[in-house]
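Order of writing sets the labels: A, B, C, D, E and F. Residues in every chain begin at 1.
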Amino acid sequence: MRPSGRTPDQMRQVTIETNFSKHAEGSCLIKFGDTHVLCTASVEDSTPPWLRNSGKGWITAEYGMLPRATHSRSSREAARGKQSGRTQEIQRLIGRSLRAVADMSGFGERQIKIDCDVLQADGGTRTASITGGFVTLHLAFQHMKKLGMIEDIPLTDHVAAISCGIFEGTPVLDLDYPEDSNAQADSNFVLTGDLGVVEIQGTAEEKPFSRDEFNALLDLAEKGVSELVELQKQAISGA
Amino acid sequence: MRPSGRTPDQMRQVTIETNFSKHAEGSCLIKFGDTHVLCTASVEDSTPPWLRNSGKGWITAEYGMLPRATHSRSSREAARGKQSGRTQEIQRLIGRSLRAVADMSGFGERQIKIDCDVLQADGGTRTASITGGFVTLHLAFQHMKKLGMIEDIPLTDHVAAISCGIFEGTPVLDLDYPEDSNAQADSNFVLTGDLGVVEIQGTAEEKPFSRDEFNALLDLAEKGVSELVELQKQAISGA
Amino acid sequence: MRPSGRTPDQMRQVTIETNFSKHAEGSCLIKFGDTHVLCTASVEDSTPPWLRNSGKGWITAEYGMLPRATHSRSSREAARGKQSGRTQEIQRLIGRSLRAVADMSGFGERQIKIDCDVLQADGGTRTASITGGFVTLHLAFQHMKKLGMIEDIPLTDHVAAISCGIFEGTPVLDLDYPEDSNAQADSNFVLTGDLGVVEIQGTAEEKPFSRDEFNALLDLAEKGVSELVELQKQAISGA
Amino acid sequence: MRPSGRTPDQMRQVTIETNFSKHAEGSCLIKFGDTHVLCTASVEDSTPPWLRNSGKGWITAEYGMLPRATHSRSSREAARGKQSGRTQEIQRLIGRSLRAVADMSGFGERQIKIDCDVLQADGGTRTASITGGFVTLHLAFQHMKKLGMIEDIPLTDHVAAISCGIFEGTPVLDLDYPEDSNAQADSNFVLTGDLGVVEIQGTAEEKPFSRDEFNALLDLAEKGVSELVELQKQAISGA
Amino acid sequence: MRPSGRTPDQMRQVTIETNFSKHAEGSCLIKFGDTHVLCTASVEDSTPPWLRNSGKGWITAEYGMLPRATHSRSSREAARGKQSGRTQEIQRLIGRSLRAVADMSGFGERQIKIDCDVLQADGGTRTASITGGFVTLHLAFQHMKKLGMIEDIPLTDHVAAISCGIFEGTPVLDLDYPEDSNAQADSNFVLTGDLGVVEIQGTAEEKPFSRDEFNALLDLAEKGVSELVELQKQAISGA
Amino acid sequence: MRPSGRTPDQMRQVTIETNFSKHAEGSCLIKFGDTHVLCTASVEDSTPPWLRNSGKGWITAEYGMLPRATHSRSSREAARGKQSGRTQEIQRLIGRSLRAVADMSGFGERQIKIDCDVLQADGGTRTASITGGFVTLHLAFQHMKKLGMIEDIPLTDHVAAISCGIFEGTPVLDLDYPEDSNAQADSNFVLTGDLGVVEIQGTAEEKPFSRDEFNALLDLAEKGVSELVELQKQAISGA
């Protein structure tokens, strides 16, 4: 039995509140249960140096966690003077995931920066960030289209992410913090709308897991991402 | 006429939503119009080294701004590797202001850290942070009292803050961003519930101002802080 | 009674030794009693990026304290790898104060950097820095005028600064260290030659102070700044 | 056809030269073709703070690349003043991988630090680091056993790693740099001696890949790791 | 002919003003012509960690240059966030030089920090720092003796330093800046009172120099240090 | 008697293995006994800013030590976030030494970066770096000549370096670590092929040394460098 009472293949309640932020070209507050991430997309009028005169743009992401987003307070990265390895790992992952479904030639020599800031954490912050980040990216492209900066939305598919793991011997979908901190295996899956694999990160926590177990996790992930893509579609169309 | 249509002595609508955060000992989302600051109070079981064995605790504050809280995106301080001078100035001010109304001998050798993170900025983020920070500090003390860690709330008075300035020749209360960026003078007042002065920071922006003008600003501040203290009382009692 | 034996409205002896430094375009060693600050003005032939092609120049300040300027040695900021929040606060204040009386269109697209380095500290280092910084700025402009780089000194007034505080219940002028560390309130006033307010920073140290007390401090400050401006005039004309 | 002329399931020639370093408790120079990594294990007599009095030790890894290990020179991380996100990601991965097969209660309150420094890079530096890192860890444990510090080698299995990818439409084993920089997908597999999964990192480079493709990569990885484990056994027994 | 009109073996005028600083246990302002260095000695009541319980103390030095000590302004190291290689080289040299004549067992488990801050630079700042640093160290020991903290001055000899170089083909003593920046060779000699060698740093600037030339420089240095030691003696006895 | 059994004027066995690295324009692994340094030369197509449009190039060096190059592990400079003073001192010395024999006008507006990374340390890493660094510089110039980028090798002479010291009262050549850590004096000599002095760094470790002792060290150094230059010639011609 899961601590939350959910069935093994049941996600937490996911909500996406678009246009949370007044200033950003795209924004949403995405909630996976008690995990709350504020995502914004900022469109800047220049591309990174290595793409100048290529006709291509770029998409990057930055990730942060408010000091008291967690159960006990963590020190503030800005005060410590550097981002942790974990933070850098996550923001690189978000950026790669979003670029995988975007056409870099489709929005001019611009840069879109996706900021994912965790207001409250209860497991799965990186997968929530990718899922919400996609929504803000789409909203920013809609905004650009409305202003005549682009003609079409330069996205080839949806992309969303979910974690799965083996908790007390059972493969389960969408780990929350109590599960995550006790899971035998923890995997993050980034999949497209038609379930192509963009990124897989599987880690054995206590002891190695088998190929069969891994396949069970991937089955769950496909179910979860399908549901998330539906929610993204509603959020994007209703924004 | 003010850009927002407010009268000179009219504050923006201020709301305080307590217990915004699941994990913190005290928390609120405070809004001064479009300026939104998430404040949390974290109680830690050790005092700074210089107070060990003194029987006293300590209160500090940290301040941050999400990169896209502002009209155009600012770079992330954690990524840049240091906090700006402005950030440090503000967080030192918040800490001093809260310590001014707290009895450091009244909550044991503990440290309370107030985090003020600006989710959206439209002028007056430091005064909102102080006003909301006081609320979270009070909530944290209530929490400690409920747990039997302290017998009384070790606060001697309320403390709240407001900015005033001279906009197009007229002294006005609670500058929003369009006013702030064009004001001739900009002053921040931190006052207690009985209108004692905790901190005054007055800055001439374009040309020096006169003593009379300064007194007009202080009159407005007294009115504003009185209103803020009422709102703090409601927030604290209703939490 | 003040520890130094001064009357409440009596400043320490202030001396300004101009041309202390061989290389700088303007320089002075300013002493407020045992507080000694070496100020230099350096004229650089380029303006900051955001002012290019505006026809305007810029004035900034940097502040430092020698490690053993203080009673016990403080660690060296260059060795620690960053400037403290206090240092940044002070140097921002010095820069703002000097810019308040300068015409940025009057000296071409140049940048003037004011360095204020405390050789010995006994309270009031920031106010000595502003007062001495103005002298070096004036001297640098005189130097530029002599070289034909400018026709007129682009300063609209004098600017000088003094601290006042409430010590053992009495408002006093120009706090020295023994007073500063025991004052109930500590305020820094930056005023122009005709007593316009450029900046006010008032801080309650132990308990809030009243509006009347604050007005008493401002009265003292007006007296102090008037005396400092006279000393500046002598220093500038005699240099 | 692969640029190197290898068949799809053929690894580069792998050699492991043990005791490369005079000072370290364990060391080897591992070569995957033109990728050369110097691995050392250092045994330190204290465990990290969070494990004190737990009876447990810890294993961490650090990774570095000499500036001219690569085709064109990269800047030195020590000179830049920070490790890149990529470096931190890799060294975290090496540490997790080695801890997955070690019994933390089996070598006292000690810390073993594995340094993996790339002398020459031609693709696959992280997988070579893990594979060689395991060898040095085993050698260090042998050294400790010889000295009577431990009775048994506290390792539950071998661990080794290999990259696989889809190059010109074909799944191939052990990508070298020319393949890596043009692969459609790039996956790193960390497996144990009995082919349990310790870590999987799969990334689509150009377009998402299918579940079938992923399974083909995992098949190759199982073959590759089996061969690597044989080479580890020879290296360890012959050292 | 030397730009200053000095003869080849003539030093600049050297003056040592002791007790320049009110707070330090020892201090002096040392001038080699237009090179002015403020040296202070600070006695701290703890020794570095690696000497605890050894009965020994330690002596270190820190070196800094005010931004406008030089002909054109250099950036402030505290603002840049790190000390340059040159600064570190110099402060390590000062520390080694002073430790060479001190008995580390003779002043308890204390640490003495020598700060050498260049107020004005005209060549030879490191040699002035060593020469003045010795004076402050002696003064600090006198101070400690007066307070009964030590019985004898734990110094085995004097130490002083001077630069020599080959300027327009001629070996000359005590290079000033115009010479230093055009010298063919530049050597710094740190010698004791009885002319033992503590440190020699000789650098060819344009082309290698010969052994004979080097010996001529050393002859000059011996003359110069003898004169400096006399000045140190006067300063120390008269303080 | 020396710990290694060498005679006082006997160097350790020195070997130079050229073309150790596949990618660099010049490279060698130089061994002075158990001290092993990997040197590479990287040719970059731009000169530093201050030499632009001067027709001149530049040569710099960087130095590093693998964490476990030493008897006990040192912390990684990239992880600590800065290079030590010692590292900076050494890399500045290597750069100066190589520039002393190179004609900066002879290879266009290019920059050559010499990286010296210590794989194993047993005393004398800086002298091995200079000696090996010269070889890689020569190889890089040979490479450029072969490609027609330059017509002649722009080197005016060889340069090599050796340490000498006073060990148990006897001047000895080429200190290894057991000698270095117990020497009374330690001097590094950088000499050209015809024994011109490029750099001398002599340091008394325990007590000052005499001028005669210093001359004995210089005699040894001349012998040592003569031998090193022969080895350089063989390495360069055979490469």
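Descriptive notes on the structure:
The rule is simple: a residue touches a chain if its C-beta (ideal position, glycine included) is under 8 Å from a C-beta of that chain, and two chains touch if they have at least 3 such contacts.
To keep track of the chains, here are their UniProt names: A, B, C, D, E, F = Ribonuclease PH.
Because the structure is predicted, anything quoted here is derived from the model rather than measured.
The minimal number of chain-to-chain contact steps leading from chain B to chain C is 1. Farthest from chain C, judged by the mean position of CA atoms in each chain, is D. The chain with its Cα centroid farthest from the Cα centroid of chain F is B.
Two copies of one chain, chain E and chain F, touch each other, and the residues they use overlap strongly: the shared fraction of interface numbers exceeds half. Between the CA-based centres of chain D and chain F the separation comes to 33 Å, rounded to the whole angstrom. The distance from the centre of chain A to the centre of chain E, with each centre set as the mean of the Cα atoms, comes to 59 Å. Chain centres here are Cα averages; for chain B and chain E they lie 50 Å apart.
Annotation for chain B: residues 81-82 touch two or more other chains.
Judged by the touch criterion defined above, the protein chains form a single closed ring in which each chain touches exactly two others. The cyclic arrangement of chains, read from chain C in the direction of chain E, is C, E, F, D, A, B.
Put simply, chain A touches chain B in their complex at residues 21-24, 27, 34, 38, 40, 42, 44, 62, 64, 66-73, 76-79, 81-83, 87, 113, 115, 117, 119-120, 122. Chain contact summary for the complex, chain F toward chain E: residues 82, 85-86, 88-89, 91-92, 96, 100, 157, 187, 191-192, 195-204, 207-211, 213-214, 218.
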